[in-house]
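In the two complexes that follow, chain A is the common piece, with chain B as its partner first and chain C second.
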Partner chain A sequence: MTFQAGWLRAALLSTTLAFTMAGPVLADRAPDAFKVTDFLLDNGMEVVVIPDHRSPIVTHMVWYKIGSADEPPGKSGIAHFFEHLMFKATTNHAAGEFDRAIADIGGSNNAFTSYDYTAYHETVAPSALEQMMSFEADRMRNLILNDNVIKTERDVILEERRSRIDNNPQAVLDEEVDATLWQNQPYRIPVIGWMQEMQQLNRTDATAFYDKYYRPNNAVLIVAGDIEPETVRALAEKTYGKVARGPDLPPRIRPVEPEQNTKRTVTLSDARVSVPSFSTQWMVPSYHSGKPGEAEALDLLAEILGGGSRSRLYQALVVQQGIASNAGAFFQGTMLDDTSFTVYGAPRGDAKLADVEAAVDAEVARIVRDGVTPSELEKAKDRYVRSMIFARDKQDSMANIYGATLATGGNVQDVQQWPDRIRAVTADQVKAVAARYLVLGRSTTGYLLPQQQAGN
Partner chain B sequence: MINERSGSFPSPLVGEGGLAKRGRTRGISAWSRQHSVAHPTVSALRADPPSPTRGEGKARAAVATFFLSVLFLVLPALTARAMDIQSVTSPKGITAWLVEDYSVPVVAIRFVFDGGSTQDPPGKEGLANLMTGVFDEGAGPLDSEAFQIKLDDAGAEMGFEESRDGLYGSMRMLSEQRDAAFDLLRLAVNEPRFDQLPIDRIRGQILSGIIAGENDPDTIAQNKWARALYGDHPYSRSDQGTRQSIAAITRDDLKALHRAIFARGGLHVAVVGAIDAETLKKKLDMVFGDLPQNQALAPVADIDPKLAQHVEVDYDLPQTSLQLAYPGVKRKDPDFFAAVLMNEILGGGTFTSRLFQEVREKRGLAYSVNSSLINQDHATALIVSTGTRSDRAAETLGIVRDVVKKLAEEGPTEAELAATKKYMIGAYPINNLDSSSSIAATLVELQLDDLGIDYMQRRAAYINGVTLDQVKAAAKKLLSAEPTIMVIGPKLAESGKG
Partner chain C sequence: MTFQAGWLRAALLSTTLAFTMAGPVLADRAPDAFKVTDFLLDNGMEVVVIPDHRSPIVTHMVWYKIGSADEPPGKSGIAHFFEHLMFKATTNHAAGEFDRAIADIGGSNNAFTSYDYTAYHETVAPSALEQMMSFEADRMRNLILNDNVIKTERDVILEERRSRIDNNPQAVLDEEVDATLWQNQPYRIPVIGWMQEMQQLNRTDATAFYDKYYRPNNAVLIVAGDIEPETVRALAEKTYGKVARGPDLPPRIRPVEPEQNTKRTVTLSDARVSVPSFSTQWMVPSYHSGKPGEAEALDLLAEILGGGSRSRLYQALVVQQGIASNAGAFFQGTMLDDTSFTVYGAPRGDAKLADVEAAVDAEVARIVRDGVTPSELEKAKDRYVRSMIFARDKQDSMANIYGATLATGGNVQDVQQWPDRIRAVTADQVKAVAARYLVLGRSTTGYLLPQQQAGN
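Let's look at the complex of A and B:
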């Protein structure tokens, strides 16, 4: 069954880059088997090679440092729309040829768009790596965009929006909450775009976007798997290396939030909802925008406050007080700009939503006032470290960790040193970020309510 | 228990694999919860969630395609060595399939007992689901709190979940702490306490979930669909039960179901990772060796889903969901791989399928459109699903039916078949063996389907041996039937009923 806000959202999010933090440990601690190599091509394309020789497979990803938060005003959705268009014909390959080439070898491919990046990826046998690079380098510059292709694919993204957002009251509310939490920063705009702007996206927009951002000097190549760095370098020079460097892009400096001093609420009542739920979010720094150690402390705060069934929120609300069907917290740290910290909950039994919200607020107030215990902190750190070992079990986890970090202003060392930075966080630092950022008087709360509760 | 679903699409067939359904996993939680970000993307078609059932013919998730595209690539671990599967039998006679691999210091175990939610007694629907929620809520000398603290300290993840036909357990542990982890698993499997307090708490959480779905058109549709296809058969019931049925469940019911299901006779086990056969034998005896020999399962009848019906859930939605059920094919049927190839060509996991091309690529009528073969122990089906703008839903339904009709009448081309064979052979490891946990899950399904420990070596030959005529025959046989069609959304304009 669908549970409330944050729960659902966390579940959705976790399907994609859930592992952004996980992984570094191995790069750091494991011997050469996991030694990561990085270098630059002459045209400015960054390359990261993550060896994993357990099986004859490579994950090949190209990350562009362009996401929905970089879109021009009024053109929301263009980054994601463009991602779809990248699967169309080029001057060298007919539409669908790349997909068929991958299917023919049993490979797998896809792409995704987020606020800060867009990535394209294929998983194939190492012998097909050069072919993948060749196709991928080709579509970096040689896409053919005509109005017919634009129109049909635009219909597809409109359906995508209807299925992801418009058919789902929780998603509609989340979109409005984001637009309320962020008054100025572009994260206020949904990645998929606003419907009325998506409907107007056209070939001119797409071409301008392509020419500006799809350049080797705005891209990061990640290759993880059964391949040697020198081989990757040779193949990359032969394929991507032939693509001309584009003009230097200006630094990614976006509008930032004005000081936030209000408590905001957003309410959606919908006939499809039977169990109410809420979530509260705060603006907090990310790994890129924060001072040293802040994001690490926020990660630990989220884990201790609401990271799972051993967390304070779950134990207090679900187990001890018995008033919630679920409650938790999460933090999205791998972002270029300031990001959000979220707590959420939904009632069970006779409890009211207001009871749950009050109990969540009380736990937030307690952690702000008293901080965390040494034992809680150690356990949370241990959990992160262990989860990173588990993450080593999936090759794409590693590729995604490096890709997302490098596309949001970080570097290879940031990933490799992350476990040590987590280990170094003190209880005082966790308490300090809680006190600094989790202030109820400047937060944004979303309520999803059954219809009859409207106006309450 | 505790489904995490998007609320945006009905399950193709209530059961397994259809939903992004997850057992509760305790222990390490941070890793699955974090950082997020990526949004949508192209491939509706690759968004299969980890499913209790794996391999061809097992319910692929139409539903999950609505989620952000899962980065479901890779297949790192062990493909090459996945062929090296040992059959390990303990002194007490517990057999497990083992893939030994030390490149990551992790051990994953997965097991299943025959008999899932079909074993819920009438009036106690939701019993198996509730039981899966309380295995980590106290066992042996440890109460709920003590058990969960130990599990956290052991750095292990443990989860239980039920399907229609099986009760699954899994655990992922660090090899250096495997003794502590296996010991907790032993307690959970053999001596669950079923204490009243946690039972009532988990029941309350499930009840919230049931209530949350009562006005949700997708949930309503899913229940209606199951009843339409399966009538009074246990497959028509909700895994979670109803308000009334879960209220009626007692501690004695849980104990009785545990006794009936948890026996060596119905057990299948797979283990992957940093453990050798001799050590595993000791662990197998410790965890499973003292269970009774025989299960006491209620018989479940085979059933053919009832076709040629129209099911409507009228609701004013911007996007209409369409679902079509055709006959399926049994796993043991000689035509099985012909049907699998046919389904792949119709609407399988690539961007090149006919439905993808006709509905999405050429016309932009949908983001997600696909077909899946569903194989449960007692029923089979082929399900087509899509979501399309409501004002053109009739048109989309017409196109889907035309694509199906054309494939039924003419079959695929030789070239399509050749390409699909290559895809299916190459994609198997990427889709089924991409981590220790998924390898273990695949090995359990191979055992359930009785396919033999050398199946992966034989599989390519089965696929290559299928002829074009056989695929044409499978298409004609399955796709000529009049499907049951469900429409969730505004009433269709007349033209669509084709």
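Let's look at the complex of A and C:
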């Protein structure tokens, strides 16, 4: 029961290659053991089965193609609010019964909401898969949405916002940076919602949302683990297959961002901040919104410029110049609409934030001007392919990759062909996306400063 | 056929008290000659009659309570587009017939669209009033909206956007500043629309918009001039009275702006700019959204701080320090939702923009810290009351004041009691709104720079 936002925080905390969200990752040549099966139920629910027979466990996920960016105006937070409501009573099960059933068999479960999707997942023994499907199919349509449930859970999300956003200067800054970078596209609205709108969410909103989006024809079932596709199909037909198809949903066409002509900054000064930091973002295409090859080139650009300790930014600012405690770059490719490319840094010792920013800008200018070397590019491609080994080793990572791709306009083939597409990227393509998108006069920078630097 | 935006531009061009949009202005004690009558037609259309018998002229305006801030997501520009379409053929009159009829009798006409309303107006001899009403009532419901009309007029608004916004660095900057100041409230969307959305506007959008908003129960008729209220009533019933009432519209409740915690900047560098300039905006309450007295205090604060050549900013920066070619402040009070308070300046001679900004900030800090003097306050009130003389002297100004007030949630009494409410504002109230709203760490500043200062 969490929401995914704060891309910058995630990246600052991560010292490994952030593969889960940085793009789908798969083996060069998938052995048969990893042959993925996908099919549709009669009611339109898509099913993907990822075999993994190394241990007697299955990961069961239902992804709904509904995220915060699909919310009606003035109803921000309803997608995440609804994720909470899905853990309440249905006409067949009391609140908490699903959770207890999972705990009783030593399984685990959770859910998350992002801009483009909402997902529910359980990890259990294969023998419990039918039970999971039965519970999940039940709450797809049979939730009891009364005023008491709404009020109680609304208090929970309001408290979640207070503790996770309002008490955290970085989170407060991130929200206003996002809303400054995105002036029309709905990624400007926080996944958890704006406080004043969350306070107004009501039963009418929740019921309308449920009836519109929680339907089998708006859902993707991912089952990864020690189970055969035909077994999954039989169980899915027996459970989800009984849920009636809903009305067809219109295409997910959202307001589009206008061209950015300006350099924008957002500065938060706060007594709780001890070390200043900055991050600069540019609007770039995603895997779904971009032309063929663009997102792949942006993934490799992010990797070379700022993906971990071998990257240009880390080597220049942290290792060689010694002015930064951290510096890097990342690209958020798995999004339905245009997305962001970010560079960031924080000073070390006596270094000034402005020096760190200037050094980051200089590395950006250099890669825009001179591009990348063949050797850098090959190493970056190799690191991406190797990251697949780690992804495949974690059953839930594979499930996440397929789920996120399918929920943002991609298909199974997109995931499977991704390594080939990464291998095909040329140095010229990487230079081209750097030159086209990383323009310093058309960027959005957030500054997090200690209180004494206020009013700068 | 214009749109109202660019509050900053308007203020920079104006050296007189900007009364039309800065707040309703009326005489302290209106003589009977200015007794205003208002009533409702049976179909819900509101009518206001403002007598003015000095010359044989009437101003006839129809205000629709629909503006760009009411547009559906992804349909920006439809309100202004619709204003253009209203000049096309109806089932009773060919395109241009209305315009020619006005020209034939030596009258004038036009229309404008803003965030909160769209208005159509004609100035003619009293004998032509019935004809004006007849034409206006006809196009309220009988427009012919076919694909050919849509396509032709869409090309016109696209060209209007190119010439008025995209070719004008100040206008490009203003758009991105607005979208940075307003992160949730729809005033962030330009009245003329985002290009990529204007290009998609179609007949379905136009028809839905027309059927929803162009109804007598969503309109205010203002007639000012040499005519009696009973005559207006009889003519209005004979023309507008025959238009069927539309479905009730829901209250105009729009997404609300979250609290701002950051200092934001937006910088445009352009080769066409010769002298740099800046403006800083804060979110403040409007006459409609504020607590009693707040907007009146903000009007007087704007007047004292930066309203014309007697203001503190002008005196300090232009006259005494001689560092600025211009400096001032303004407040946009007549809005349905929260609005903005702006200070601005541009350097003169060798002075730097940063010096001008620092001097403006110092004046803001001083008025926040020390408030205003009783003498300043009285003089500002007097200037407001005197501005009424000019307003009343112009028939269309009075019509505009009533129309804008009634279209943004006010009523006739609000306009009439406004001078008393201005007189009642205390120095403490002015200081209080300055201290509460003009916080430099929570502001949005736009910089327009010559090209050589790019990448600052």
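Rule of thumb we're sticking to: the second predicted complex is superposed on the first by the 429 of 456 C-alpha atoms of A that agree within 3 Å, B and C clash if a C-alpha of one lies under 4 Å from a C-alpha of the other, contacts with A are read in each partner's own complex, and residues count from 1 in each chain.
Here, a contact is a pair of C-beta atoms (placed from the backbone, for glycine too) under 8 Å apart; a residue touches a chain by one contact, two chains touch by 3 or more.
The model shown is predicted, which means the values in this text are computed figures rather than measured ones.
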item: Touching partner for A:55 - first (chain B), second (chain C), both, neither; value: first
item: Partner chain(s) touched by A:96 [first = chain B, second = chain C, both, neither]; value: first
item: Chain B versus chain C as contact partner of A:144, first or second or both or neither; value: neither
item: Chain B versus chain C as contact partner of A:189, first or second or both or neither; value: second
item: First, second, both or neither for A:249, with chain B first and chain C second; value: neither
item: When both partners are placed on the shared chain, which of chain B and chain C touches more of chain A; value: B
item: Contacts of A:173 with chain B and chain C, given as first, second, both or neither; value: second
item: Common interface positions of chain A, toward chain B and toward chain C; value: none
item: Residue ranges of chain B in contact with chain A within the complex; value: 2-9, 20, 24, 26, 28-43, 46-47, 49, 66-81, 101, 103-106, 108, 144, 148-149, 152, 155, 157, 172, 174, 201, 204-217, 219, 240, 317-319, 350-352, 360-368, 387-389, 419, 422-431, 434-437
item: Touch list for chain A against partner chain B, complex; value: 1-3, 7-8, 10-22, 33, 52, 54-57, 59, 68, 80, 83-84, 87, 96, 99-100, 103-116, 119, 121-123, 125, 151-160, 162-164, 166-170, 190-192, 224-225, 271-275, 299, 302-303, 307-311, 318-319, 322, 325-326, 328, 330-335, 346-349, 379-380, 382-384, 386-396, 399-400, 404, 450
item: Chain A-touching residues of chain C, taken from the complex the two chains share; value: 73-74, 76, 172-173, 175-176, 179-180, 183-184, 186, 188-189, 194-197, 253-256, 258, 260-269, 440-441, 454-456
